[in-house]
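Note sheet for the following structure.
When the chains are written out, they are named A, B, C and D in that same order, and each has its own residue count from 1.
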Amino acid sequence: MTPISQDPNPLALLERMMLVRAYERKLIGFHEAGQFPNVCTSVGQEAAGVGVVAALRPEDRILTNHRSAGHLLARGADPGRMLAEVMGRATGYCKGKSGTLHISAKELGVVLTSTIVGGELSLAPGVALAKAQLGEPGIVVCFFGDGAACEGIFHESLNLASVWNLPVLYVCENNQWQAYVRRKEAMLAERIAPWAASYGMESRTVDGNDVEAVLEAAAAAAAQVRETGRPYLLETWTYRQRSHMEPHDPSYLVPEELAAWAPKDPILRLTTKLKAAGLVDDAALEALEARVAGVIDDAAAFAQASPFPDFSELATDVYA
Amino acid sequence: MTPISQDPNPLALLERMMLVRAYERKLIGFHEAGQFPNVCTSVGQEAAGVGVVAALRPEDRILTNHRSAGHLLARGADPGRMLAEVMGRATGYCKGKSGTLHISAKELGVVLTSTIVGGELSLAPGVALAKAQLGEPGIVVCFFGDGAACEGIFHESLNLASVWNLPVLYVCENNQWQAYVRRKEAMLAERIAPWAASYGMESRTVDGNDVEAVLEAAAAAAAQVRETGRPYLLETWTYRQRSHMEPHDPSYLVPEELAAWAPKDPILRLTTKLKAAGLVDDAALEALEARVAGVIDDAAAFAQASPFPDFSELATDVYA
Amino acid sequence: MTQMNAFEAIGHALAEEMARDPRVLLFGEGVATKQKQLLEAFGPARVRNTPLAEGIIAGTAAGAAASGLRPVVDLLFSPFLCFAMDEIVNSAGKLRYISGGQFEFPMVVMALTGGGWTVGAQHNHNLEAWFVHAPGLKVVMPSTPSDFKGLLKAAIRDDNPVLFFTDIGLTFAPGEVEEGDEIVPLGQAAVRREGTDVTLISYAKTVHTCLQAAESLAEQGVSAEVLDLRTLKPLDEATILASVRRTGRLVVVHEASRLCGVGAEIAALVSEKAFDALKAPVVRLTGPDAPVPSSYPLEQAFIPQADAIAAAALRLMQTPEPVPA
Amino acid sequence: MTQMNAFEAIGHALAEEMARDPRVLLFGEGVATKQKQLLEAFGPARVRNTPLAEGIIAGTAAGAAASGLRPVVDLLFSPFLCFAMDEIVNSAGKLRYISGGQFEFPMVVMALTGGGWTVGAQHNHNLEAWFVHAPGLKVVMPSTPSDFKGLLKAAIRDDNPVLFFTDIGLTFAPGEVEEGDEIVPLGQAAVRREGTDVTLISYAKTVHTCLQAAESLAEQGVSAEVLDLRTLKPLDEATILASVRRTGRLVVVHEASRLCGVGAEIAALVSEKAFDALKAPVVRLTGPDAPVPSSYPLEQAFIPQADAIAAAALRLMQTPEPVPA
């Protein structure tokens, strides 16, 4: 698949968000059907991922985390190889050694994915340092959550990137939850963007459920990072619509909160807008639905037909 | 010796600062005389230590670090047992097992001293949590440096103390140096106090070389922490007059900086002021000098006459 | 006697100890959400969610422990301990000694590890040997629900920092648990099966693998004794040495990687203190020197298997015995 | 040949490798201040002071290593590694495997440890065994200035993360060092003294203690072979086993604490793979299970002494040898 950034028009953005949603729904379906590896879905956060990645160039690097499907698919990852990785198959991006939690796809510039919350923050400055030192073009985008912002490494990473003038676009997806803990329980501030000031870094919070607003903000932020070679913190204000991981466990979620965010669903909002503008009609939407569903069905078939890694793989790839 | 807080009048503050200076000078003298364990002196920072400790009550707890002589002596520590600890003698506060770097004196409420930069920050919230949970009176004062403020644990500690409403008075001695690194090289901001805002915490920067100003600011901050049960960050703006540790190594220090700070020496400033106010004359000062010198000479004699720990102590005090 | 799994046993131990001693409290990322019944029973001051920050969770536990509380912290998965090593090792493990004995650190650090959930190498890394190596700490890793309960209660009552590891592969396995206040003292291994020809020593999940191996060995006429260490520090040297002195043969088994693991310590202990009784080489069966893969078949292959254990024991039976001069 | 101490040897190795390969860079707390000559030679982009934050220093090294640079980071004293365990173990050590081989981590992490400066347990903690236990890492701990230079050059050229430990007790001890580009390959132990009766295996400072012990043993008619491991991972199993097969007796010596230390691994290795050649128990002489005290006499007593090593070897000479059937 091509990276969304090569054609970020509203319809393309919509289709890519629908593709991400279809991918996540497929995983949810597997769980509803029975035993399946735990996965953290990005349902509700599609705009935050797709909008940012749409602002990037091929030479840019992306570091992401455990909730990475939107970032990967927006970057053009093959959902078949992603699902194969989730299922631990040899055809996965990491030969099945990673599983869902830390899918890297170096060929797409999605590097060093870590499921250690904060791992992406600890690695990003070094990736940017290498670019700067080796004279390579491009910036580094680091996706992390509001929970990761509570880890000490957030403080260390932003401070170093600022002191060393490293081209890192930090993107905090503030989805109001940190696994089983509400963001409000973990910090007094509502927003994380203002924390950048401590490091002499600029920042901005954008409506993370409005994909066009996210794209605009990310494009502006990325342009500034390219131009200044200095880091920037972009916060996407969004919401995790499901429990921390599948299988879904609504027991600890907050019904009022879910209800309040439901109308802000990023796909719903863009479809409504495009319909109002006469850019899509129900038929077109159904066609889109069908197209992304087909892509994901084929991907699932590929993954399920893929072999598990050979036992000889157990202790390979440990040392270079 | 009595804690300074029991009589914080200007003359007492002056004498206590002179005592700290005499203690550090004694260590410098040992180094000039030959082989001696490395020590980090607080020369130039006497007001920052004495002024804060003067604002505390017996039930308060103090956590400090590798540069702790001022905090300990202000709290009433016996310089003989301190020097004995520095020299690794059995009569030291920690039986010689600590050495200079992590002197705790539980009997004085100086607890859990760590030389891991940031250790004091990681431990302070727990000490405060215990006080709150056990219904004990008093607050917890945590002394750390501008370098420690760069460690991730600073971020984690202040955030937790704020979210949990813990009575911690964080005191950052910003002495413009982090061992061999200038503060300016390690952060873009000049001041650390504003960082507290990220945690919804109040803060203030005070002239750390004006002992009366430090006392006033610390008293106000301590009162607020007692009243609200919430943390507060006080930054004392001061200067490290010597190299990171003894033996003195001026090779990497900045002559202009040293020259600029020389007239701001906390002892010089208070003496000048008290003289101008007619509160002391040269004779009185000489008497003070002689008194503190005598105390420190006796302390050194006690330490040097003290035995080393018995070999049977090697593996005791490991498990409770 | 009631049936429960390891998670339930841990819940019972926590509830009983918190009811017994008001100084005991529990905190961690999501514990107040996940342990609803404890939250309701003991209130938000004693059952706390934390920000996502392992370092300050462990450091706060150490500071609180030194100041009169008895905290239990849940750091979730063992690789996350890597963000709390300073607080656990440099503070909780050392500050008693460094201060000349001025402080005690009665605290428990809990973490999950081991194969079973295909969570991969950043959620599954058997690190228990690190804490055995570091001074001032104790280390527990149970294999049965009743030990989960009895050892956790003992760990909470101990005046030292205790690392309490839960093997993911055992979390939902049911077992008989005593009602009420049954303590399993730290430092005591359990003989899970008596035997005379060879000793199989393990802990956690692989104890059960050793018991399977002992079954098949019995069918082949070899009598295997199975030891469950239960506590990795302090090690029950007496029970280990007594068994090897009886059998003269030893296979040590664990899921953790081989190099400098607990198996190395036991092999070294035996080759020094029971050398004269040894009739054959001491063999270790362990995980490889590799991170743990996520893919289910590989994750399972990472763990020593019963047939390999039995085969190793049989090889030892065939080694010619040295005869003392 | 020139005379230099370990610090100077490290400086030469860094200067030569930075001159040879523009991708090599050095950063850490104060390195640009302390390594003035390197700063002048290679400029502020390649010799950098950092903020006081070990986690991001190590993480930045890992990110840079995976992206085409070959960073060397100085984390000063080994206990400070506790603030960088996630970046070293979970990232640098595992992400190659987790990613199915997509990344390499050519980086070196340097740290000081060991007795000599009375700096106490938060500056002195021999943690090398932790990194031997963790997958994906290599571990080096030299004993002579020429090895400091040759092994650091090899570590910088290796495509894996290498932990490079400098024994504080060796920093100022002078020794002969080859001029120019002498590499000491990783994974090769050195026989420092040949002998036939007993093998003494050690690394770092205590290699010299073993050599002293070997001297006094010689006076008592016992011929001791002394092995210097130099690299702790990968271990030079062949050289270790060959020596023990010759002598039949083994004493392992290190300053690090005993439990699950490198000595345990070597004893276990030998008791499995050279069992038939063993004439006596395998003995370990190590630091105690305690933090390191600051007080000079205690700090020295923490370290295994030559007379104790000789005495242990003599005891082994007296043990009755088992005769194979």
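We adopt the following convention: a residue touches a chain if its C-beta (ideal position, glycine included) is under 8 Å from a C-beta of that chain, and two chains touch if they have at least 3 such contacts.
Source: prediction; values computed, not measured.
Any chain that touches subunit B and also touches subunit D is listed here: A, C.
Interface comparison, A-C versus B-C: the higher number of contacting C-beta pairs is recorded for B-C. With each centre defined as the average position of its C-alpha atoms, the distance from subunit A to subunit C rounds to 37 Å. Put simply, the C-alpha centre of subunit B and that of subunit C have 41 angstrom between them.
Centre to centre, using the average C-alpha position, subunit A and subunit B are separated by 46 Å. Separating the CA-averaged centres of subunit C and subunit D is a span of 29 Å. Counting partner chains per residue, subunit B has residues 95-98, 102, 114, 116, 118-119, 150-153, 155-156, 159, 163, 185-187, 318 touching two or more of them. Chain contacts: subunit C has residues 50-51, 53, 55-56, 79, 82-83, 86, 90, 97-98, 120, 122, 135-136, 288-291, 293 touching two or more partner chains. Taken as a graph of touching chains, this assembly is fully connected, with contact between every pair of chains. Residue ranges on subunit D touching subunit B, taken from their complex, read 29-30, 33-34, 49-56, 79-80, 82-83, 117-120, 122-123, 288-291, 293-298, 301-302.
Touching subunit A in their complex are the following residues of subunit B: 150-156, 159, 162-163, 185-189, 194-195, 197-200. Within the complex formed with subunit C, the subunit B residues making contact are 61, 92-98, 102, 104, 106, 111-114, 116, 118-119, 121-131, 133-134, 152-153, 155-157, 159-160, 163-164, 316-320.
Residues 79, 81-83, 85-86, 89-90, 93-94, 97-98, 120-122, 125, 127, 129-130, 132-136, 233, 235, 256-257, 259-265, 267-268, 270-273, 275-276, 278, 280-284, 288-291, 293, 320-325 of subunit D touch subunit C in their complex. On the side of subunit D, the complex with subunit A involves touching residues 23, 25, 45-46, 48, 50-51, 53, 55-56, 58-69, 71, 86-87, 90-91, 95-106, 135-136, 138, 159-160.
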